[in-house]
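After the structure tokens below, expect a handful of questions from me.
Every chain is named by a letter (A, B and C) in the order it is written, and numbering of its residues begins at 1.
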Amino acid sequence: MEFRFTPEEQKLAKEAHELMERERTPELLAETLELGGIYGGPEGRKIGQKMGARGWLCPAWPKEYGGLGTSETVKLMLLDEMAYMGLPFLFGGASMAGPAILRHGSEELKEEFLPRIAQGEVEFALGYTEPQAGSDLASVEMRAEDKGDYFLLNGQKMFNTHCHVADYHYLAVRTDPNAVPRHRGISMMVVGLESPGVTIRPLITMAGWRTNEVFYDDVEVPKKNLVGELNRGFRYVMTALDFERMVTIGMFRRLFEELVEYAKETKVDGKALGKNPLVRQKLAEIAIELEAARLLYYQLGYILDKGEVANYQSSMEKLFACEVAQHVVNAGMQIMGFYGQLQLDSKWAPLQGEMEFQYRWSYLHTIAGGTSEIQRNIIALRGLGLPLPTA
Amino acid sequence: MDFRLTPEQEALKKEFSEFFKEELKNAPPGWTGALEDMFSEEGWPFHRGTAKKLAEKGWLVRPWPKEYGGQDAPIIEQLIFSEVRGYHGAAGVDAWGIDMLGPTLLAAGNEEQKREHLPPIARAERFWTQGWSEPNAGSDLAALTTRAVRDGDDYIINGQKIWTSGAHRADWMFMVARTNPEEKRSRGLSYFLLDMKTTGIEVRPLYGMDGSHLFNEVFFDDVRVPARNRVGEENEGWAITRATMNFERSCIQIMAGVKHDLEELVGFCKETRWNGKTLAENPFVRHRLAQLAIEADVGRAMSYRIAWLQEKGGLIAAAAAASAAKVYGTEMTQRLACTACQILGLYGQVKKGSKWAPLMGKFEALYQFTPGMNIGGGTSEIQRNLIAWVGLGLPRTI
Amino acid sequence: MDFGLSEGQRMLKQTARAFLTAECPSSLVKEMARDDRGYTTELWRKMAELGWMGLVLPEEYGGTGGSFLDLAVLLDEMGRACLPGPFFSTVVLGGMIILELGNEKQKQELLPMIVKGELIITLALTEPGSSYGTSDMTVKANADGDNYVISGTKLFVPDAHIADYIICATKTAEGATLFLVDSSCPGINYSLLKTISGDKQCEVVFNKVKVPQENIIGDLGQGWIQLQSILRRAAIAKCAEMVGGAQQVLEMTVDYVKQRVQFGQPIGAFQAVQHHCANIATDVDTSKFITYQAAWRLSEGLPCNREAAMAKAWVSDACRRVTLLGHQCIGGIGFMEDHDLPLYSKRAKVAEIAFGDADFHREVVAQELGL
């Protein structure tokens, strides 16, 4: 057993931290929050490319694709640090589509995209969800007709968050409308978001940042952009999802630390908040949850580095981490709200209003990337071998 | 909207309270009002004795029609009676006969059955148990297989029931058995009343993890039941069983019991000094006790609302609310037990009988009983299903 | 990072599991709950022969010189089997205290005997009015020539009634001091407490018990600091036991819901039940990792005040949740006295409050946060 990073990992972490420290401008921090943590905005790309140049966006990839050939633990470590430092931490390319292309794409596709993803030059948006296909992804209907040397795409996507800042769409489409079961008729394709026929329309969330509806009207996609095999796409989505579910809550780790500082400094009725026994207990409770979440997170690296599949563990980590994130924010609101006197120009300047913003955002955490209910189902079915209901 | 009791209701409440307080002075040592106390060696005679006194006062079945021993009293008065009884942890009420079978017969029994069975309940002469669950029919009661075969003027019953509370004490049992073997589920069931002294009935005890004897297995070996003891038509027993489940679902006893136990716990915290301070000065203790007090009040309001719904619109109107009260009440009781054990620290693990057991080890016992409460009488999961299906109109999948 | 066990630890785990499955069935656990002594000499002897008592004691005293992490692996398996008896007391509260704080003479005299299974030792710490949070003890040890005279009442002392020695935390003029007390000394009165899980905890009344000053363990007046270390170790060790129990509850629950059929299918197919199981699994995994991290840090000699407190706080609440959800899934049958689940839910309750409950350890974490 070993719960420390290796000296090499620590060295790399230190270097990366120093770069992030140097490069995290107020504009970058503001953009990260405004975009809801996704990569692809102008400020984000600046630092993303600097990190990508060092191989730090996809460190576990082979060198030929822009990685450093490190362990998966390094990737998790760096991602966590980025989230902690207020950098974008939701990478459609580096974290989701990229790993799927690496595992299932043709050599041509890999060469075309992986190095550019690893260098932070291009970003992908996930194209799964549709109005009638959320948790039930197998219900995807967007049609891709085989037209000989291209596919013709028609349909609509929903809640495709990255689209307004990304370059490519990692798209789930139906290539066989008659497949039984339905999921065997789904294929994955890479589509340029500037392609003629693609219309992106904003949807504003209650947190104030933007997600999108995307309409495909007779969009032509070259055959080479098919990822892996025709009609095997559902499996690739599942792979990508397992990776997507390795969520970092570095952002909440930092928020929590700031909350602790706030509690130490803020006096109510002559006493520091941090001396209030109920506040102490609540903060301690969350510190413990964050620690448990950290261990679940790094266990994923351990599993992947052993060459195994984290079939239920990533679901468990996502489930737990997202619920802890909500606890951080709820406690923050409660602790700050107990006294109801936080002014917008409070001396807790870096988070001026952030807790309230995070609170509005927090409702999404247990829904996006697989709802908590779905995650529990996966833990039960894949992790514990429980049966599916019979009709 | 009015949350007050009328002066008459207040007076009644006071009268009930004084009776129970007086009566409890004769309770056997260690009496807490828990079901296993009622069925214990020392508890059973006390329970029946109190029942007799209540019968003499005419308090047992006040809402029943006068011709069967009642007083046509409004439901709210019965609620108040149950609340006071639950609060004091008092004995004397056979819930199975009074709250379940009685209303069932009033609604679905024939005149002969009402005349035969209701007055003895009103007079506290006959105590009942309920024969429903079987080893393979718990949450899925309709899957039960105990058979009742018509034989002339009788039925012959063979099979087994489980979780029969108090069967080792009861005089009679109301139960449901399968009369049509072609139907595997609810359509082939009939409702019967059985004298527990009938040949062929064997009761075997089941012991709970707290060591208590509340539940039993009951085996039926060619038990002969007269057909006149069948309630309702043959194969129509399921609807009547469902109706029985819906009677008296206010769960006011649970809510009142929590209120009472909480008051004891608060008293204890005010008096007990540990590590130099009273428990009541500990901010966590205060916070947790306050939370429970809020929950207890909410629970009481839920129960009163059920009575009000029943007065206005009958039992169906109150069905979903009754499920909500049941799951809320039992889960709250479990939270009370956990919180009490938390507050009591190392002492929370000490059993009744030890000089070191605070509050007579009540919460150590309650901690072990409450898992059963969330299961018996319809599991919390089933209750939530019912709230969803009946209350919210969400689609059923099973 | 490495979340796996070493080869040696895997072997220890396998051996322990096989041994305890055979030698410690639930029927024995139930029997020992009713039994006054709470263990059989037969099983005790076999455990000694396996080298378990000496697992973390140095070779020079006859032990195997294993690490605390090795012991955690063993305790995990013991918790899984609900092993009754004075192993925890003798090794964690007895042997490890003597190893850490005893002088050479004490170590030479007592450790080899512990290894051989010839001694049972326990720690008397908590008292009627105080638990783990205060050095203000009422059990006093007054100097009297070459001896000390101990008077007062200790409560919730595990296995005191069968112990050969009791390490007693007392208040001397200089502060808290630990004494090694021969349990057969005149003036000591033992009564076994009736507790929820039938584990053997005692009231121990010391009435002018004379103890030679050479029986001081560690330094005079330094007991409070010494106790911090003792408690930290005991808390982590208790977590390891709890983790094993929780894992067994998970397996028991999953097995049950896969085979119990209602409404024409296994109840494990219903989402509500699946979600309960997923919640149990999440509590089990997080408990495992947070415990093993603390145990590993202690083993490596790294500071672990924060990690130990985090582990005990988390695992205390998690195990309660696990056992209550287990009951909810296993239904009526799990409520019965003769089912195995109550063994675990009762034991989890006892463990929850031993060596500091969740509130206590959360306060430690709050201090570590600098609040």
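As a working rule, a contact is a pair of C-beta atoms (placed from the backbone, for glycine too) under 8 Å apart; a residue touches a chain by one contact, two chains touch by 3 or more.
These figures come from a predicted structure and were not determined experimentally.
S.K.: With contacts counted as defined, which of the two, A-C or A-B, has more C-beta pairs across the interface?
M.R.: Answer by contact count: A-C.
S.K.: Which chain wins if you rank chains by how close their C-alpha centre is to the centre of all protein C-alpha atoms?
M.R.: C
S.K.: Comparing centres built from CA atoms, which chain ends up most distant from chain A?
M.R.: B
S.K.: Taking each chain's centre as the mean position of its Cα atoms, how many Å separate chain A from chain C?
M.R.: Distance between chain centres: 41 Å.
S.K.: Suppose each chain is reduced to the average of its Cα coordinates; what separation in Å results between chain A and chain B?
M.R.: Those two chain centres are 51 Å apart.
S.K.: Which chain B residues reach two or more other chains?
M.R.: Where chain B meets two or more other chains at a single residue, that happens at 284.
S.K.: Going by the touch rule set out above, which residues of chain A reach two or more other chains?
M.R.: 281, 389
S.K.: Going by the touch rule set out above, which residues of chain C reach two or more other chains?
M.R.: If we look for residues of chain C contacting two or more partner chains, we find 270, 273, 359.
S.K.: Hey, which residues of chain C end up touching chain B in the complex?
M.R.: Going by the criterion above, the answer is residues 126, 128-131, 133-134, 136, 155-156, 193-197, 201, 203, 261-263, 267, 270, 272-273, 320, 324, 327-328, 331-332, 334-339, 341-342, 345-346, 349-350, 353, 357, 359.
S.K.: Can you tell me which positions in chain B touch chain A when the two form their complex?
M.R.: 283-284, 287, 397
S.K.: Which bits of chain A are touching chain B when the two form their complex?
M.R.: Those in contact with chain B are residues 276-278, 281, 389.
S.K.: So in the complex, the part of chain C that touches chain A is made up of which residues?
M.R.: 1-6, 69, 250, 254, 257-258, 264-266, 268-271, 273-275, 277-279, 281-282, 285-286, 289-290, 292-293, 296-297, 307, 310, 313-314, 359, 362-366, 369-371
S.K.: Residue numbers of chain B touching chain C in their complex, please.
M.R.: Chain B residues touching chain C: 133, 136-140, 143, 162-163, 206-209, 211, 215, 273-276, 284, 334, 338, 341-342, 345-346, 348-351, 353-354, 356-357, 364, 367-368, 371-372, 374-376, 379-381, 384-385, 398.
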